[in-house]
Amino acid sequence: MGIMPVLNDEVPDEGDYDASRRRGEFDNITPDDFIRGSDGGNPPGWLDSSEIDDLRRKMPIVYVEVVPVRADDFGRISKVGTLLHVGPDGMIERTLICGRVLFHESLREAVARNISKDLGDIALPLLPVSLQPFTVAEFFPTPGVSEFYDPRQHAVTLCYVVPIAGDCKPQDETLDVEWVDPVEVRRPDFMAQMAGGHGEILRRAIGWAG
Amino acid sequence: MGIMPVLNDEVPDEGDYDASRRRGEFDNITPDDFIRGSDGGNPPGWLDSSEIDDLRRKMPIVYVEVVPVRADDFGRISKVGTLLHVGPDGMIERTLICGRVLFHESLREAVARNISKDLGDIALPLLPVSLQPFTVAEFFPTPGVSEFYDPRQHAVTLCYVVPIAGDCKPQDETLDVEWVDPVEVRRPDFMAQMAGGHGEILRRAIGWAG
Amino acid sequence: MGIMPVLNDEVPDEGDYDASRRRGEFDNITPDDFIRGSDGGNPPGWLDSSEIDDLRRKMPIVYVEVVPVRADDFGRISKVGTLLHVGPDGMIERTLICGRVLFHESLREAVARNISKDLGDIALPLLPVSLQPFTVAEFFPTPGVSEFYDPRQHAVTLCYVVPIAGDCKPQDETLDVEWVDPVEVRRPDFMAQMAGGHGEILRRAIGWAG
Amino acid sequence: MGIMPVLNDEVPDEGDYDASRRRGEFDNITPDDFIRGSDGGNPPGWLDSSEIDDLRRKMPIVYVEVVPVRADDFGRISKVGTLLHVGPDGMIERTLICGRVLFHESLREAVARNISKDLGDIALPLLPVSLQPFTVAEFFPTPGVSEFYDPRQHAVTLCYVVPIAGDCKPQDETLDVEWVDPVEVRRPDFMAQMAGGHGEILRRAIGWAG
């Protein structure tokens, strides 16, 4: 199996125009941008901030969330991967791989693109044969409506566990990828580092995997 | 179990302002409308057509699709329900229950609301305990990209089988609800009446149910 | 929906020949017994203890395990049911509904029969439309091989969540059915009362249901 | 990922004592045999025919069934594998990978062992992360009870789709492994070659994979 042919045009490298942008702003791409960008106004690949913010207040946004794992030859999870990065408050945060599905992008492409964005191009993810997610997490902009909270938007997030067969080099704003034993994950101090309900998604992934 | 307390405010009754509107236009509601509507401009509950059309060209839209069934006391499907209505070309079409998830609406609310819209308020649907869908259908506005085609939009559709315990009175533009034996569903002439890939969703539902 | 027509012939009532038998011995029925029983030798409905014990040492035994829940009109779990009974050491134990699948019995029949055995005949279980289990628990007679341990046997257990719409009257050796809020279930003291891995099955059920 | 360390001791090679035995007889191994075999009577690895036949009439037998597939880098099924062998009537039959779960063997071990038995030791199967099967097929010895019929026994069969990354060399009684496009599988003449309900399992696999 060769290197995953992810949609690299859409993944800005270091040194690109977006190098100084904050994590998550990459979510804001829409197809219009690619078209509009060519006339010299906006840089290509980005929706105007106010426009994407407007969309986020009008309808639910489709997301995929990926729990990267190392699996042994029998398919059992040996390690669970989480991403470390610096949060808006300067604290280290622990997250999973998570991103918006773009217009006319398939779920499989979105899963592959977001893995490549966070883990690099030689991670060799083994995507699931079925798109039946292990859970669907509904993030609401109002705290307390569900276990999942996202102040920016109402997101409907399809969650998948994806074995990673290759090497990971953290990309984008990710400081490091940390691989831990599945039993470690249930430790309260570990869970406390995962805000917004992403720890609950991880817990469900491990329960579902068995 | 009492009558399902669906969000009736959002379901226009016969005689309402929308009585003459075509099927599917109901999909266009956004929360803004409820707010804006009160100042006397637009009727409440509707986004401007051009606005919703604009959204549909910018991002994937979250849908739920429901296969209504009659189940026996052991949970086995005894009948599968399909909806008959007049298509844009004046022909009878066969569909499932399908609708957009509104901003800040949960998937469960969307499932209940759409069932109520098509089958009436005393259908007594038994919603699934888990939101894990039996399949996720990706509709693209470009024919041939997937088995699912919707000229209006890119829709990511979470599909559920829902047993119906009560009585159905077809609502909205639905002419009739037809209940057929699951084995009938595989007949080519039956499938030929279900356009856009909805027949494939029904086939998967029956395969998944076993 | 009428009263579930469970296989009452197979469910001994109070006062039956088995009134003094210990919990779990009911598992030992095989079809042979019904046949053999009629000639006046063994009481009908029971395999010779040594015979069933012999089978348990030779091959994996198929089980179903049911997490009974109360669900609201939107399918959300409002309460989780657990069974209390006196364990072999005289202590109160907390369990789920669990039983062997008999020869020539379907999984649906086994689920219905075991619910009826523990919760009575007017529990009105709403059996799932699909037999896809939320988890498969593998119990081994050797501690530590998996999270699930059963000293008697190697059991392959298909696990289902089943909403209960009717009234429960504890049957058999069950002292009581206790309904608790799903968040209570994660409390360590609650989990500590569920031996052999049944707590883990309950945890997975709640995570899967969302 | 290295070569799958399947339980080769249990897989007789060509030239072994079982070379002349018919397909399926391998199913009859029980742990007792390994013990008994050492005293020089029976060849090791086989239960006495009458003994296993006796078990098959007394309780349901746990099976795994595997649909081998070739998947592309996005996890989509590109080819579906079926096995060709000569049936008892001398006709070519088409089957899937299917075998009994042995006492004290995990489901994952049974899946790996049965793949190795039919496809050889360098097939490099990518076992699923979760043991949640896409379907559970109940085979009964009575025709017509379900879609699945096995004259020998009542089998409860957990079904999985497994991508095969390596090379296949047909083993045992398998004449050939044929890889076909998923759309070919629905052709009536293809399905007609798969007896006993295995075609229905294949159909469900493809529907579930999407």
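A, B, C and D label the chains in the order they appear, each numbered from 1.
Just so it is clear, contacts are C-beta pairs under 8 Å (C-beta built on N, C-alpha and C of every residue); 3 or more make two chains touch, one makes a residue touch a chain.
In this text, all values refer to a predicted model and were calculated from it rather than measured experimentally.
Student: Between C-D and A-C, which chain pair shares more contacting C-beta pairs?
Tutor: It is C-D, judged by the count of C-beta pairs in contact.
Student: Could you put a whole-Å number on the gap between the CA centroids of chain B and chain C?
Tutor: 37
Student: What's the distance between the Cα centroids of chain C and chain D, rounded to whole Å?
Tutor: 29
Student: Between chain A and chain C, what's the gap in Å when you average each chain's C-alpha atoms?
Tutor: Between these chains, centre-to-centre, one finds 40 Å.
Student: Please output the residue numbers of chain A that touch at least 2 other chains, ranges allowed.
Tutor: Residues 106, 131-132, 134-136, 208, 210 of chain A each touch two or more of the other chains.
Student: Once you've mapped the touching chain pairs, tell me: line, ring, star, complete or other?
Tutor: Here the contact pattern is complete, since every chain touches every other one.
Student: Provide the residue numbers of chain B that touch chain C in the complex, in ascending order.
Tutor: Per the stated touch rule, the residues are 1-2, 4-5, 69, 71, 73-77, 106, 108-109, 112, 126-132, 134, 161, 163, 165, 208-210.
Student: Report the residues of chain D in contact with chain B in the complex, numbered from low to high.
Tutor: Going by the criterion above, the answer is residues 134-137, 203-204, 207-208, 210.
Student: What residues on chain D touch chain C, complex-wise?
Tutor: Residues 30-32, 55, 57-62, 100-107, 131-136, 138, 140-142, 145-146, 154, 156, 158 of chain D touch chain C in their complex.
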